[in-house]
Amino acid sequence: MFILLPVAAVLQSGFGNGLGNLQDALNSFGAQNAIKLTLMMAFLTAIINGVFGTLLAYIFVRVPFPGRDLLSTVVDLPFAVPTLVAGVMLVALYGPHSTVGGWLERHGIHIIFAPLGILLALLFVTLPLVVRSVQPVLIELDTAEEEAARVLGAGGLTTFRKVVFPALRPAITAGALLAFARSLGEFGAIVFVSGNIPNKTLTAPVLITQLLNPTTFGAVAGPGEAAAVSSLLFLFSFVLVLITERVSSHSLQRASEL
Amino acid sequence: MNAVSTSARANRRKARLWRALMLSVALLYVAVLLLAPLGGIIYYALKEGMGEVGHTFRQSDVRHAFYLTAIIMVVTVIVTTFFGIIVALVLARDRFVGKRLVSALVDLPLAVSPVIVGLMAVLLFGRGGWFEPFFAARGIQVIFALPSMILVTIFISIPFVIREVVPVLQELGMEEEQAAWTLGASRLQTFRRVTLPNIRWGLLYGIALSAARSIGEVGAVLIVSGSLQGQTETATLYILRAFDQYQEQQAYIVALTLASFSIVMLIGIETLKRRASREAG
Amino acid sequence: MAGSIQVRGLTKSFGAFRAVDDVTFEAAEGTITALLGPSGSGKSTVLRMIAGLEQPDAGSVWVAGEELTEASVQDRRLGFVFQHYALFRHMTVRKNVAFGLSVRRVDKGTQRERVDELLELVGLAPFGDRYPDQLSGGQRQRVALARALAPRPQVLLLDEPFGALDARVRQELRAWLDHLHRELGVTSLFVTHDQEEALELANEIVVMNHGRVEQVGPADAIYNQPATPFVAAFVGASNVLRGTVWERHVHFGHSIVAGAHEIPDGAEAIAYIRPHDIEITNEAGATSFPVAVERRTDMGWMSKLHLRLEDGQPLVAQLPNEEIVGVEAGQRLFANLRNPKVFAADRADVESVTVPGAIVAPAETQTEAQAEAQV
C-alpha cells in the first residue's frame, strides 16, 4: 500500500505546476488540436472495438468452432506486444515502401502519417481490453433466459437485443471506457505511425514528450506547458477510472443478485 | 406438420447463416487488425536474411539496450510480484474504509498515459522536484539514469499481478487457510503451502503480463532517461532512435525480438495453465 | 476436566447484530454434544469462537481446564471439520491428512504410519493418492475428518459436517460418525440445524435460538421436557393448542388439559402436544374431551388422524393402526392428551409458534400439523 503514497504525492505536484500555465499552453503548440484529435481517436476506438470486442467475446463463449482457442490467444496478442512494436508493425506493413502500403497509397488511402494509422494502432492495442471485459460476464450469463425468450417466440436478433445486451451493457461500457482511457494515453503505438504532424496527426501524449524534450529544466516553457496538458489528460483518465469502477461494481452487484 | 418442420429447418439454416456471418466478420477483423501487422514485421525483419539479424545482435549498443531492458524487467517483476501479492491479499480479504478508492488507485496506472507518468517522475526527481534534494545529497542520480527508469516501469506495471490474483483469491475464499490454521500452521506456513499453490496460475500470468509490459515500456522511459545512447537506452528506445536514423532493418529486428519474447512467455504460461486444469479435471 | 469444553458468557456482535448472547455450557470429556438451532441462531459462531476463528466480544473459552480465549488458532490444538470440507485442493489425500503432522515437523516415518492408520479408520485406504476433486462429497468429508484427527487433538469441532451432502449419504455418515466416536472417545462438539441428527448422535444437546441458549440436556430431556416454547416447537413435531388457564388446567372450549402449573388463572397459555401423545377412545373419560374426526390418512403401519376440537382448533394425531381400528372420518370420538408441555402465551413469541421443526416421524405429519397450528 505504501507504493501508492508516492502516487498521491505526484498528483499534487502535477496539478500545482500546471494550473497557471494552462491558458498559454492551450493556445500554442497546436495543443488544442492535439487534444481534440486525441479525444476523437479515443472515442472512435472505444466505439469500434466496443462492437467488435463484444462480437468476439460472443463468439468465444457461444459459438464453437475449430481453432477457437487459437483465436482467443491471438486476441490476447496486443497484451504481449510492446506498444512501440505495434506501431513498428503497422509501419512495416503499411509503410510507403511496402507492397501493401504502396498499393494503398496509390488508391488514396493514407495510413502512415495519417489519422487512419492512429486509429488502427489504437484498435490493435485496445481490442483485448474490451473482449476480456465482456467475456467473463457472458460466461456467467445463464442461457436459460435466452432460451425462455426463444420459446416465447423471439428470433435470434431480438433475443440478443432484449435479453443478452442489457445484461452485458455494463461490461461493454466498462470495456469501452477502458479502451477509451488507454487510447487517451497511448504513446508507443502512435509515435511512429502518425508522423506527429502538428495539427494533423499529433496527439496529446506525443505533444507532451515534445514539450519536454528540449531538456532544459530551468526554462519556464516546456515543463510548465507539458504539465498543463498532462494535467488535463490526467483528469480525464482519473475520472474515467472512477466511472469504470462504479460501473463494474454495479454490474457485479447485479450479477450477484441474478 | 410440413409447415412446422420446414420453418424449423429454415430457422436453423438462418441461425447457421448468422453464425457463419458473425464468424467471418470477426475473423476478418482479427486477421486485418492483428495478424497482418504481425506477419508484416516478421517478413520485413527477416527479409534481409539471418545474416543481418546476427549483425544486429553483435552491435554493442543493441546489446546494451537489451541488457538494460532485461535489468529493468527483472527488478520490476520482483517488486511488483512482492507488493502485488500483499496488496492482492489485502484487497481480496480485508474489509476497510476506502477499499474502493484503493482498488481504483491500483487500476490508475493502466488508465494514465505513460507519458504523464514520465512527467510526474521528472517533476518529483528532476531539478526543482520534491525528492531531488534528498537524492542529490546522497549523490544518487535518479533522472536520466537507471533508477528513474526502473521506478516509472514499476509504477506502470503494478496493476497486472494484482488484477490477476485478486479474483482468484476471491473465488477461493478463506476456508482452506482457516483449515490450515486449525491444524497448527502459522500464517507464513499457510501462505507457502496453501495460498501460494492455489493462486499459482493467476500469479504466473500476472507476472508474465507485468514482464511483457515492462519490456515494452517506451513513453515514460523516453522522458525520464534522456536517451543517452549506450547508457540509458532501453531496447524500445533503441528502436525509436534506429528508426530516426534510418536503420529500419535493425529496428525491425529488435522489435521482433521483443515481441517474440513476450509472446512466447505468455503462450507458455497459457499452455501450462491449460494443461494444469486438464490434469486436475 | 481433561478434554472437556467449557464456554462461559460468550458474546459476539457483528455491527448492530447480536449473533451470540451470553452463551454458557459445558461439554464433558469423551461426550459428543450437539449445538442445535435454526439458521442464524449463532451456533456456528459459537463453534468458531471455540476454535479461535472468531474473537468473542466477551466471555471465555476453556478446553481441558485451560483458558484458550486469547490463544491463536494454531495454538489451540483443536480439530475442526468444515461444512464444505476445505480440503487442500492441490494436495493428495495423504498430504491432506498428513498436513497437521508435517506442520509440526513430525518425522516422515511417523507421518506415514499415522496417515495409514487414519485412512484405514475412515475406510479410504486405497484413495491415498487421489486428489480431492476426484472424490465424492461423502469421501471428502471423511478425509476432512481424518485430517482433523491426525494430530490427536484434544477435542473435535464439526460445523454442520453433513450439511452439504445428500440425504442418503448424510444418514450413512451419521451412523459412521457415531461408530467413530465410540471407538476414539474424542470429545466432540458439532453444529447442526437437523434435530434428527442431534437427537440421534449427541449425548447432550444445546438448543440455541437468536444467539441464546434455550436449553441444555440429554436428548430425551430436550424431547420430553422442553424448557421453553421454542424448544417444544423446534424439536419434534407438535400440535399447538391455545387456551386459558384455570386451576392449573388449560381450557380450550369445553376441553381441558392438565399441566399449567405455574401460570396464574385467567392467563392465556399454549400447550404443545406430540402427535403420538394423543389417545382416542369411544367413551368420555375423566380427562378426555370430544373431538370430530375430519380425515384419516393411512400410511402403512400407522395413520394420521385430522381432528377438530369443539372450539375449532385442529389436532393431528399419529397412531399405530392397531390402536385405531374402525376409526373413520365423520365420527365423533374422545381424545386424551398425554405429556402436554404448557407455557404461558406471552413466553411463546410469535416466531416459536410458527417455527417448523424437523421431526422424528415422517415429514408429512409435521408440515401439516404446523400449517394447521397457525390458528
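Labels A, B and C are assigned to the chains in the order they are written; within every chain, residues are numbered from 1.
Just so we're on the same page, contacts are C-beta pairs under 8 Å (C-beta built on N, C-alpha and C of every residue); 3 or more make two chains touch, one makes a residue touch a chain.
As the structure is a prediction and not an experimental result, all values here were calculated from the model.
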item: By mean Cα position, the chain sitting nearest the middle; value: B
item: Chain whose Cα centroid lies at the greatest distance from that of subunit C; value: A
item: Mean-CA-position distance for subunit C and subunit B (Å); value: 54
item: CA centroid of subunit A to CA centroid of subunit C, Å; value: 59
item: Gap in Å, rounded to a whole number, between the CA centres of subunit B and subunit A; value: 16
item: Residues within subunit A bordering two or more other chains; value: none
item: Complex contacts: residues of subunit A adjacent to subunit B; value: 1, 3-4, 6-7, 9-10, 13-14, 17, 52, 55-56, 58-59, 63, 65, 71, 73-86, 88-90, 92-94, 98, 100, 120, 123-124, 127, 156, 178, 181-182, 184-188, 191-192, 204-206, 208-209, 212, 215, 217-218, 223, 226-227, 230, 233-234, 237-238, 240-242, 244-245, 249
item: Subunit C to subunit B touching residues, read off their complex; value: 51-53, 72-74, 76-80, 82, 84, 86-90, 99-100, 103-104, 131, 133, 144, 147-148, 151
item: In the complex, subunit B residues that touch subunit A; value: 14-15, 18-19, 22-23, 25-27, 29-30, 33-41, 43-45, 83, 86-87, 90, 100, 102-108, 110-116, 118-124, 126-130, 154-155, 158, 209, 212, 215-219, 222-223, 226, 236, 239-240, 243, 251-252, 255-256, 258-259, 262-263, 265-267, 270
item: Residues of subunit B that touch subunit C when the two form their complex; value: 175-176, 178-186, 189, 193-194, 197-198, 200, 280-281
